[in-house]
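Alright, structures below, take your time with them.
Look for subunit A in each of the two complexes below; its partner is subunit B in the first and subunit C in the second.
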Partner chain A sequence: MSDSFGFFTLFCDPVFRGPVIGSLLMSLATALVGAIAFLGRKSLIGEALSHATFPGVVVGVILAEVIFPEQEAIALLVMLFGAFATAFLGQLCIESILKIRQKADAALCYTLSSFLGVGVVFSSYLQQSHVAWYRKVQLFFYGQAATMTDLHIYMYAALSLGVCIAILLLYRSIQTSFFDPVFAESIGIRKKVVSSFVSALLCVAIVIGIRTVGVVLMTGMLIAPAVAARYVTSRFSMFLQLSAWIGMVSALLGNYLASEMIMKGSQLVYLPTGPATVIIASGIALLALLLSPSRGSLVKGVRRWRFRRSCLIDNLLKALWKHETVSLHQIYGWNIANKWFLHRTLATLQRGGWLQKTSKSIYGLTEDGRKRAAYMVRLHRLWELYLVQHLDHSLDHIHHSAEEMEHFITPTIENKLTKLLLDPTQDPHNQPIPKKELL
Partner chain B sequence: MNPYWGADFIDFFLIFFARLFAICVGKISFADMASDEVQIFVLGLIAIASACVGTLLVVKRVAMLANAISHTILLGIVISYFLLQWCSLEKGHLVFNHQMFFVAAVITALVTTALTDLCKRVFKLQEEASVGLVFTLLFALGVVLVTVYSRNVHLGAEVIMGNIDALHLDDVQFSFFLAAANVALVALCFKQYQILAFDEGLAKTLGCHPTFFQYLLMMQTSLIAVGAFRAVGAFLFLIFLTAPVMASRLVTHKLSRVMVYASLISLVCILVGVAITRHLLTVYEIALSTAGVTSVCAALSLPCVWLGVKARLKVLKTLQKRNLSLHNVGAK
Partner chain C sequence: MDDILQCEHLSVAYDTSPVLLDLSFAIPAGKLVGIIGPNGAGKSSLLKAIVEIIKPLSGKVSCFGAPFKKKREKIAYVPQKEGVDWDFPITVLEVVLMGRYPKLGLFKWARQADVEAALNALQLLEIEDLASRQISELSGGQQQRVFIARALVQDADLYLLDEPFSAVDAATEAILIDVFKRLRDKGKTLLVVHHDLQTVETLFDWVIMLNTRLVVCGEVSSVFTQENLSKAYGRKGEIFVEMIRELERKKSGLSS
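Coming up: the complex of A and B.
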């Protein structure tokens, strides 16, 4: 192996081509289906079904070895079919448990663990008698992309293509039935049909995925890209595309990470690709949860904090304008924010030249500060006047509304209000409204 | 020499009950227990604890959170392993004992529940997705850490399959403490759990804190997961948490009765499971994983009980019909 291990060698090198392209295809399919399952709130059904494939894989391996020894292509097909069959059985199991009025949660947990139990029984049999077969089964625990060949590429390409085409064909029905179930029913899209179609897709996607990500971590690849995409966009088409891209990027990076770790260690460590891929996908999802421009918590938090601070600044300036000079002690006494926040804000105002310390802990406004404060007071009083004159509010109900609105009124609205109220000089409480020309 | 050597299904029960009697009377000391008995005791104790906790999990609809914990327990064990290694550096030797598992359980329960809550409450993610996202990430981290540091891929397999043949007497003691602690906790907080499960609003007004009990329940689940980790692997204990409980919910709806019935059902399943494994080994020379066979037996308890309930209903109906017709004849 050469030392300079480029990114593009992954696609060309015959050793890496299989795993990389194979897992790209698999993540394309799983991320798309996972996104649809996410919208249908079926994420955890994926978890149950992916565990349910395990006995199918074992039976598939046994059948393939007994009936078609030395025929790799058929063996792979048999294995995949076995996995699909038991995933389908798992689906039936969940449905029939729900029919005897058990809780959905328990039904999933039951299906997951009972199928896994059957799988463990079969594989423990292999472990004792056919160690070579058992090794093949073991690959499906946590996924091992490194041993995939061109054969896998063809197989997964066909399956993923099938999944994509199916989604494209039924795109409108899925979209309609998710966003407006009643309308969907009325134009003849049956909810049950769409739902079972999604379940079938879920089974196929899981079957594609288990070879690279493994039975146990399959859910991660279904959920994480969907979560990341959902927090970035709200358009359905964009959501699907983004989910697919995020899935593929994490599969690529996951493979890269796994192969890097295999080579860099002093000893050979076979890092399974499943965990590496899932860690990267979940990392992207967490980043999206925190940093997404529209819905990220951190972004929202910062925005909220900034707004709170600008409100505090406005209120402080207004209060100082009314009181001329104020001691720090008095400001604390108003109880408008916690001490630390107040202190920071006062320091910022001082640095901005709005505020000056006249003597020790006595604050007064500068000329600029007075102008800005007067502007805030003008906005407040204009809004109060507007409420009374045009919206017929009574005098004792207008203060709170104005206290909130003064932070939102833009210069354009202010101009319109001035025109509408005929450039007033007094507010409803007979207080003077600061003149615009003086500010 | 294992006294069960060469025993088939019926023999197994005969020998087991004879030896159980002997152990109770004191003729056979605990140290002389055969491996099959150790397995039965460990599994039985875990199953009783699971039945109590599982009832609450199923009724409160948080079974999938238990599934999440069964995954993340791996990371908990790895982390506590590192912690203990770091602590025992000064002593010069590594302490590898059951305390470590206890630390692991607590860490896992806290981290998993807290992170899932964080995703749900702060990030406003839907519940299913937040459970799925958190446990897959933590489990993946666990697997990577285990593979990189232990340079051992088999450990990963053991997480799924368990290693029931490696159990010994210490494990009986450990799982006894686990079961006792869990049953005692459930008994102690039974009222609170019950009210919380059926009417959270009422529970709040009566002053019991839902979040606290949620964490407590998850802690208990995670204790069981730790106890089961060596015996049946991280995932198979889930079947003992759900299947017997679901089966006994078909028969009764009283919470305490569900617990008792579930324990009984899982005990029977374990006995049958171990006996079947022994039978297969003796008669057909097939060595199967005891953990797997017992959990399949436990899984089968649900359809069996369901069929039983159905059959009973049918018999009752026909009896009623016959009674009615007899009655009609009499009236004529």
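Coming up: the complex of A and C.
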């Protein structure tokens, strides 16, 4: 960060204030509506509708330039209204295609491409006849936060506030109707009504968002915060709040990233705010997907790996228990795991005080190690006995099950087994079961 | 006591095929009522018609002497679980609190008293320790208890339960039966769609037997007869009733 440019400059500087506050408000509204669309399985509808806004933008720009030249506020309103109108038309289009029993994905694809096609044709025409108008249209295609002014702040503040109030009012109806539609009907919440409200909100949110992130990337802003939040929480209220925060943080970081590059005037490629915001939101979603404490794939992977390792350690201890001392060579011969892994595990066991090296490459369990190993053997043999005595398993089938189960048997279960089997001393193979008192 | 629920010539159809034809019956207050009948007899449809989720073709239903819409707050409905979105991010407590939404209206948020009532209901159903779990983490029986808890916080006078015992464990079944009987003893009325003919006599005071048409409606002791069952179930039912008779004779030592 350079001396002349601080984090808070973003909120005060007249150049940055518009884009930053504008996109914060925008992402608050779109993340909240996106979260609801995500739960209502309307993500793809969002994608289709955001593309469907494009012809509306083009028509809006033309109308504004023809009827209200030089009047920025009214021009903006006309453009937004145009976008809303064609998004609404897109919605109707999807619904009527679904009514004639077409597949949903076909309806979405058709609407998306046909509306976008019309928009692109119009805008190409402008490109030749009115280049200045064409530039205005292009702003909405890929989005551009940098040229937003205080006027945009007011406009988006009003729209975002409206969206937030609507969501607060609809909160319980949405929750009930999405979760349990039949019950919702019985307390007077009509699924159709809720669904139409959500669709309308979706159109408004998209109209708010396209100026900043553009028609093409709009769904990213809608859905990415929801995906991230869903991985972190399973509480509805928390889910909505988190989505909103993730959306706003992405907007802030996206703006910061983009403005940093402008400020430094570096040779880096010019980074537009919209895509930067979407990339950061997607990055957060990816992080949540990997690192979420309950469902993250990386976290799950680490847990699985740890469990596998603890099973291997148990098996190694049991094998060592059967011998006074063993050489490294013998241990390799048991084929419990690969050499590198065995080497590391042996070192871990040594450090933990379970294992000692008596001379070079000769290992033996310590007294503590022997107790721990004997306990594993006890669990194994208890389980085998239980299978034979109480579940009528035959002798040749029990070892495999016990090999697996010994890793899961908790002290409580061990107590129960001991009681049920009357504190046995011999397993079904006539091997002694190590006593508990000795341990 | 006045009748709490009254059906007059009620007919219901999906598309063009009728599921209920010309039903007329009345249920007095304070009864635990079983609704039985073969598959496709219209048991669930009857409940849905009462809460006006499906529109009747003809006839009318009145609850507490008025149309359902006017008495919505006095009626709690527990549908079958298939419509539920199990992936929805929602905790057990949030589900139970839904039962308070009709009372709170559109603009009020759940108050401390509502949360307390929800926790009490969970305690009654012995799942208070699961309050902050996501609903899909629970077993089928526990989920059913959550939905019953949601109905309890509705503080209704008439409970409509669609197969509450289907696919639940024995512990849940015992708790549910206990809760239902307690509600009945407090003067509430319960309509329970039920599958298991064997338990009808021990569970219910009244029974509605359906097979698209109403077969019979009345006290279990007088209408739960072989004759009526075979009317409702056809020949299949006859064999079943014979089996129950046989079972009873064996149990009581009347035959060997």
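Keep this in mind: the second predicted complex is superposed on the first by the 319 of 439 C-alpha atoms of A that agree within 3 Å, B and C clash if a C-alpha of one lies under 4 Å from a C-alpha of the other, contacts with A are read in each partner's own complex, and residues count from 1 in each chain.
The criterion applied here is as follows: contacts are C-beta pairs under 8 Å (C-beta built on N, C-alpha and C of every residue); 3 or more make two chains touch, one makes a residue touch a chain.
Just so it is clear, the model here is predicted, and its values are computed rather than measured.
When both complexes are superposed on subunit A, subunit B and subunit C fit side by side without a clash. Contact with subunit B, but none with subunit C, is seen for A:Val120 once the two complexes are overlaid on the shared chain.
In the superposition on chain A, A:Ile398 makes contact with neither subunit B nor subunit C. Of the two partner chains placed by the overlay, neither subunit B nor subunit C lies in contact with A:Leu365. In the superposition on chain A, A:Thr219 makes contact with subunit B only, while subunit C stays out of contact range.
Contacts of A:Leu320 after superposition: neither subunit B nor subunit C is touched.
Of the two partner chains placed around the shared chain by superposition, subunit C is the only one that A:Glu185 touches, whereas subunit B remains out of contact. The superposed model places subunit B and subunit C at 100 degrees from each other around the C-alpha centre of subunit A, with the value given to the nearest 10.
Between subunit B and subunit C, more residues of subunit A are touched by B.
Closest C-alpha contact of subunit B with subunit C, superposed model: 10 Å.
Shared contact residues of subunit A, touching subunit B in one structure and subunit C in the other, are absent. For subunit A in complex with subunit C, the touching residues are 39, 169, 172-173, 175-176, 178-183, 185-189, 230, 233-239. Those residues of subunit A lying in contact with subunit B across their complex are 38, 41-44, 46-47, 51, 97, 100, 102-106, 108-110, 112-114, 116-121, 123-125, 127-129, 138, 141-142, 216-217, 219-220, 222-224, 226-227, 261, 265, 267, 269-272, 274-276, 278-279, 282-283, 285-286, 289, 295, 297. By the touch rule above, subunit C contacts subunit A in their complex via residues 48, 51, 53, 69, 72, 75, 77-80, 83-85, 88-91, 94-95, 98, 101-102, 104, 106-107, 132, 134, 147, 150.
Residue ranges on subunit B touching subunit A, taken from their complex, read 57-59, 61-64, 66-67, 71, 119, 122-126, 128-129, 131-133, 136-137, 139-141, 143-144, 147-148, 151, 153, 156-157, 160-161, 233, 235-236, 238-239, 241-243, 245-246, 249-250, 286-289, 291-293, 295-296, 298-299, 302, 306.
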